[in-house]
Amino acid sequence: MNFPFVKEAVNSLFKKPSTERYPFVKKEAPLGYRGRILFKSDKCIGCGMCIRVCAPGAITKSTKKTDDGEEITMNFFMGRCTFCQMCADFCPRGAIELTNEFSMITEDKSNLNVSGTFIKKLPPKQQAGSQTISKQV
Amino acid sequence: MLIVLGIYTVVTKKNLIKTVIGLSLIDYGVNLLIVSVGFNAGGSAPIFTFNEIKPDTFFVDPVPQALTLTSIVIGACVTAMTLSLVIKIKDKYGTIDADKVRRLNG
Amino acid sequence: MFKKIIEKSFEKSPWLFHINAGSCNACDIEFVATLTPRYDAERFGFKLTGTPRHADIIVVSGPVTEQSKDRVIRTIAQVPNPKVIVALGSCPASGNIFAGSYSVLHTLDYYVPVDVYVPGCSPKPEAIIDGLYKAVEILKNKRRDNK
Amino acid sequence: MLILKYLFYIFVFPGFLFCFFAGLILAGIDRKIVARMQKRIGPPILQPFYDFFKLMGKETIIPNSAAKRTFIAAPVAGLISLVTISLFIPIFKFSAFNAVADVIVIIYLLTIPAVSLIIGGSSSGSPYAGVGISREMVSIVSYELPLIIALLAVGKKAGMAVNDGMVTFSLSKIVEYQSLKGPMLFHWSMIPAFLAMLFVIPCEVGSLPFDIAEAEVEICEGPLVEYSGFPLGIYKLNYALKIFIFSSLFVTLFLSGNGTGIILFDAAIQYVLCIIVVILSVSLIRAVTARLRVEQMLKFYWTYPTALSILSLILVWLGL
Amino acid sequence: MMQHYPVLSIIILFLGAFLNALFGGKSSIVRNIITFLSTGTSFLLILLLIKPIMLEGKVISYWMGNWIPVSDWAIGIGLEVDQLSLFFALLVSFTVFLSGIYSFKYMENDDTLDKYYVLYLMLSGGVMGFVLSGDIFNMFVMIEIFTFAAVALTAFRNYIEGALEAAFKYIVIGSIGSSFILAGTTLLYAQLHTLNMAQIAALMHKNYTPITLFSLGLMFTGYAVKSFIVPCHAAAPDAYMTAPSSISMLFSGMVNKAGVYGMIRLLYMLFQSINLPSMQILIIILGTITMFIGVTMALIQNDFKRLLAFHSISQIGYVITGIGLSTALGITGGLYHALNHTLFKGLLFLCAGAVFYSVGTTDLNKLGGLAKKMPHTALIFLIGAFSISGLPPFNGFVSKWLIYQSAYEEGFVIVTIIALLVSVLTLASFIKVTQSVFFGQLSKECENAKEVPIGMRIPMWIMAFMCFITGILPQYVTKYLITPAVSATLNIGKYIDAMLKDGYAEKYFKETVPVPNINYKLAGYWRPEYYLILFIIILLAFTLTVLAGGIDVNRRSIVSKEIEDYKYDTFYSGEKSEYSQVGGADLFWGLKYDFRKYFNFMHSAHSGVVNDYTLWIISTAAIVIAYIFLLVP
C-alpha cells in the first residue's frame, strides 16, 4: 500500500507552480511554427500548383476577366487548412509563407479566409495569326 | 421413543407422505406422554356422578386427560391438512419426492 | 445584488463538456493538455464535466460524421440554457481533409449554431485557451440578454 | 426568547450560514492545495462560491423519465440533515444542542446526505445513475464499519474516565474528557483509531481515490447525471458541507480540549485544525492516487482501517 | 363490565368467523360488514382497556366459566391481561383492523372470498387469544388455531407457483414446533400439577428441577420456531412470498410477534432464569445471528416480498437481542422495536401488495419506474424504507438507538457493531428495492400500472402516519405504552397477586418481589424544542426550493421543435434513450463479488427441501437443551 508520489507532491507544494500565465503574458510561438498563411499576391503567377498539392483543398482560385488581363484572386480558407506547409514548399515563386501566428479565434467563419488578388497581364495576342504560329512549329 | 421415531422419519424420508406419517407419529408420542403424566398408581377412571362421590376414592388426575382430548383432535386436523396439501402438490408438481419439490430456495 | 453575483460568477466558473464527433484525436489531446500543469486552464475555473447537464461550454472536435450526427445534436440539446458551442480545430468548421468523404455531408454549423471557431489542425493549447476565453465572454452576454 | 436563540443557532452560527461559508472556503482551499501539489496555479479560493452561484443561475432541466417531486426534494433533504448535524457538533465545549447521546445521532444523520444523493440519483431514472447508486451504497457500507468501531472506541475511552465507567455516546462528555486529560490523540491507545478515522474521511466525503460513485469518466457523475442548475448547486454545496462537518467532527473527537472562552477564537482554532486535517487526509491522498474499483475499496476498508480500530477498541477495553 | 372485555374481544372475532362461514357466501358486502364489524369492535374493546390497565396499572384476571381457583389452586383456565399482554393485544388488533380494510379491495378479484375471511378472522382470533390467555395449555391451543389458519391462507392462492409447497413446509415445521411446546407444557404440568402461568411462576421460584429445565429447552425451541429465529426460519420467506400481501402483513405484524410474546412470557414469567448470565448470552447470540443472516440473505433476493420476509426475520433478531439484554433499557428497546416493526413492516407489505395488485408481478428484475405511475405508493414506500433503516425523523431510529445503547452498556460490544452494520445493510437492500421497483426506467410490464384504489390507500396512509408519529414523539409513546409493559415483564409479583389473591406471591417468594427501577433517564431523547427547530429548518428549505426553483422553472423557453424534443430525454451519451433499467439482481456488484463465497454458501444452505429444515430445528433443539443443562445450574 505505497503511495507513489507523496514525497514529490509535498515538496512541489513549496516550489513555484510552473504554469505559464498565458493570456496575461503573451508568448511567441516557436521559430519554425506553421501558423497563419501569408500570401504575397505580387509574387504569385496563378499557376495553381498549390491548389493541386493542397490535401484538404483549402485553396481556391477565381479569375475575373478585366480589360487589361485576368484578375486572379487566390483564397486560402484557414478553416480547412491543415497547416502542412506543402503549398509553401511547392510554390515555384515562394508566394506563400506560413507565419507563426497561432491564435486565429473568430466568431464567424468568413474572416478565416486569407486572400490576395493580382492582375495577370496576358501576352498581347495577334488577333488573326494565332493559328499560324502553331503551324510553324 | 415414539417421538424420536417420528422425528427420524420426518428427517430422513424423502417421500412426503412418509413425512406426514412421521408427523402424526410425533403427535401420538406426545399424546401418550400427556396421558402418562396424569397417571398415579391404582387410581380409577375419573368418571362419576355428583351424588355418589365417595370421599376416599382415589382418582387418576383428570386434567391431562382433558388435554389429550384436545391434542388428539389437533393431531387429526394436522394430518388431514397435510394430506390434502400433499394431494394438491401431487397434481401440481407431479411428484411427491421432497427433493424435487424445492422450487423455492435461495 | 443577487443577480449581479450570478452574472459575475458565470464568467468565473464555466464548465466544459467535450464531444468527439469523429475526430482524429489530435485536438482531443491538445484540449486535455490545457488542463495540465503547464497550461493550467483550471485557474480560470474551467472544469471538465462528465454530463452535458452540468456543462456551459460544449467543445466539439472532429468532422461531424453521419454516425455521430444525431448523437451530437441530441447531446447538445440536453445542455441547459445559456450554453456556448465551440468548434475545436478546423474539422468541425470545414471538414478539413475528410470533407469529400461519404460520411461527412455537412459541417457543424449546418446542424448546430456554432459560437466560436478555434481553427488549426490541432490548435496550440494557448489558442484553445484564447478560444475558451472568448467563449466565456459570449456566455456572459448570452446570460445577460436572455435574463 | 428561547426561540430566537435557537433561530440564531440554526441560521447563523453553527448552523447554515457559518457552515455555508466555512464549507465552501474549505473546498476551495482543498482544490487549491491539490493544484499546488501538481505544480499548477489552481483555481482561486472562492471558486466554489462562483460554481455555486453560476449553478443557481443556470436553467433546471427535469428529464421526463424522472419522478419530479423526489427529484427536487432529494438534495434539500441532504442539506437539512447536514445543517442539523452542524448543530450537534460542539466547538470546544460550546454546542448548540448537547443531547445526551449524540454520537449515534450523528452516525445516522451522516448517512442521510448519502441517502439523499442515492434517492435523487435513482429518481432521475437514468441507467448511469443506477450504476452510480449501487456503487455509492457499497461505499457507504464499506466506510460505516471502521467509523462505528472507532467512534465506539472513543466513546468507551471517554466513558471510562468521565461518566463512571459506563460508555458515553455524548460528544460534550468526550470534549470534557479531553479537556481534563489533553487531546485524545496523545493517548497512545487511541492512535490506531485516529489513523482509521483518517482513512475514513476521503471515502465519507467522496474524494478522489474513493469517489467511485461520482466517477466523471466512467459513469459520468453517477447519481448526479440528470441534475443541472439549482438542485445540482445544492448537491455541490452538500459536498462542501460534508467536508467541513466531517472534519470538524474529527477534530472534536481527537484534537479538542478546553479552548479559550470566547466562541469566536474557538471557532477560528477549530477551523484551522479542520483545514490541517482536510489537507492531510483529503488533499494529499487526492493529489497522489487514482480511483479504485468498487470491490477493491470494500476489501481495503474492511481490512486495514477496521483492524486498526478494533485494535484500539481492544486496547481501550483492557483499560489502558 | 371491564372484566369481560378481554374475553369479548376474542369471542367477537371467532363469532365473526362463524358468521362469515354462514352468511359469507352470499355477497361481498355482507362479508365485508361482518369482518369490519368484528375487527372494529375487538379493536375498540382493546382501546377501552388501555385506560384502566396502562394508566392505573390494574391487572384484569378473568376465569373462563368462573372456575374460581379453589383454595388458591388454579383449576380453570384463567385469562390474564396485564400491561405486556395488552401492549401486544393492541398491536395485534391494530394490524388486524387495518389489514381487514386493505383486503376488502385487494382480494376482490379472487374467488371463494368467504373462505378467506373465515380463515382471516380465525387467524386474528387465535393470536388475540394467545396473547391474552394466562394458561399455558390454552396458549398452545391458540397457537394451533392460528398456525392452521396461517397455513390455509398461505395456500390460498394455489395458482401462485410455490404456494402449496410453502404451505406444506410451513405446516410441517409449525406442527413440529408446537409438538415441542406441547411436550414442554406437559412436562411442566407433570412437575407442578398446574397449568396457570401465575401459579407456575410462583411455584417455580428458585427451585429448578432437571425436568423443568428440560421443558424450558423444549418450549424455548418451540417458540423459536414460531417466531422464525434463524436456525428455524426457513419456512417463513416461502410462506410470506406466496401468501396474499394482506396476510403476509399479518404474518410479519402478528404471527412472529406472538412467537416473541411467548418467548418473553416463557423467559421472564415462568422461569425468571433469564437473569442468569448464561441464559442471556444464548438469547443474544441467537438474536445477533438472526439479524445478520436475515439481512445478508435479503441482499441477494430478487423478489420483492421474499426480500421483505427476510427483513422481518432480521428485525425480529433485533427485538430478541433487545429483550435478551434483560436490562430495563434493553427491554424498552426490544418492545419499542416490536411496535415499530409491526408498523413499518406492515406498511412495506401493503406497498408490495399494491405493486402486485396493479402490475401483477413482484419480481425485482421486471419492475421499474413505478413512481411515475403510482406516486402515492412510492411515497409511502419511501417512508416505510426510511423508517426501517432507522433514519432519524422516523421511528426505526429511536428503537434501534435504545438497543445499541443498552447493548453497549451491557458490555456486548460486538453486538452493537453487528447491529449497526445490519442497519446499514438494511438500508442498502431497501435502496436496491426503491431503485429497481419505483425509480429507474418504466419497464414494459408496468405500462398499464395504475394507482391503487382508495380503499387500499387509506390503511397505508394511516400506517405511514403512525410510523412518523412514533418516530417524532418517542417520550409519549414510551411513557404510556412501553414503560408499563416493561415494568410488567420485570416485576411479576403484581401479575401473580391479581391472578390468585394478594399476598400469594409473597408466600412463595421468600423476599418481597423487587420492583425494578424504571426511572432510567431515557438517554439522549430529543427534547421537544428540537422538533420546533426541525420544522423551521424544513420550512426554510421548502421556501428555498420553491423560490429558487420557481425562478428558473418558468424561464424554461421552448426553442424550435427539432432540437428541443431531445432536451428532456435522459442522457444516454447521445444514444436514443432506449429502455435499460439498472435494478434487481445487478445492483451491489462490489459487495456480492467480495463475499461471493459466503453468499453462495447461504444460497445453497436454503435448499428448499423439507427434511433439511426439520433437521435444523431438531439440531437447534438439541443445542439449546444441551446448553441449558451444561451451563445454567
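Letters are used for the chains, namely A, B, C, D and E, taken in the order the chains are written, and counting of residues starts over at 1 for each.
To be clear about the criterion, contacts are C-beta pairs under 8 Å (C-beta built on N, C-alpha and C of every residue); 3 or more make two chains touch, one makes a residue touch a chain.
The model shown is predicted, which means the values in this text are computed figures rather than measured ones.
In terms of the stated touch criterion, the partners common to subunit A and subunit C are D, listed by label. When every chain is reduced to the mean of its CA atoms, the largest separation from subunit A belongs to B. Of the two chain pairs shown, D-E and B-E, the one joined by more C-beta contacts is D-E. Per-chain Cα centroids separate subunit C from subunit E by 58 Å. For the pair subunit A and subunit B, the distance between C-alpha centroids works out to 104 Å.
The geometric centre of subunit B is 30 Å away from that of subunit E, both derived from CA atoms. Remark: subunit C and subunit D have CA centroids separated by 35 Å (rounded to whole angstrom).
Residue positions of subunit C touching 2 or more other chains, listed in rising order: 37-38, 40, 43, 51, 53, 78, 81. Multi-chain contact residues of subunit A (touching two or more other chains) are listed as 17-19. By the touch rule above, subunit D contacts subunit E in their complex via residues 2-3, 6-7, 9-11, 16, 56, 58-67, 69-70, 72-73, 76-77, 79-81, 83-84, 87, 97, 99-102, 104-105, 107-109, 111-112, 115, 118-119, 122-131, 133-135, 137-138, 140-141, 144-145, 148-149, 152, 155-156, 166-167, 169-170, 220, 225-226, 229-230, 293-295, 297-299, 302, 313, 317. Taken together, the subunit A residues at the contact with subunit C in this complex read 17-20, 22-23, 27, 29, 55-58, 77-84, 102-109, 112. For subunit D in complex with subunit A, the touching residues are 33, 35-42, 284-285, 287-289, 304. Listing the residues of subunit E that touch subunit D in their complex gives 369, 371-372, 375, 378, 382, 386, 390-392, 397, 401, 404-405, 408-409, 413, 416-417, 420-421, 424-425, 427-428, 431-432, 434-435, 438-442, 521, 523-527, 529-530, 532-534, 536-538, 540-542, 544-545, 548-549, 552-553, 555-556, 567-573, 577, 580-583, 586-591, 593-594. Residues 3, 7, 10-14, 16, 19, 23, 26-27, 30, 33-34, 37, 61, 63-64, 67, 70-71, 74, 77-78, 81-82, 85-86, 88-89, 92-93, 98-99, 101-106 of subunit B touch subunit E in their complex.
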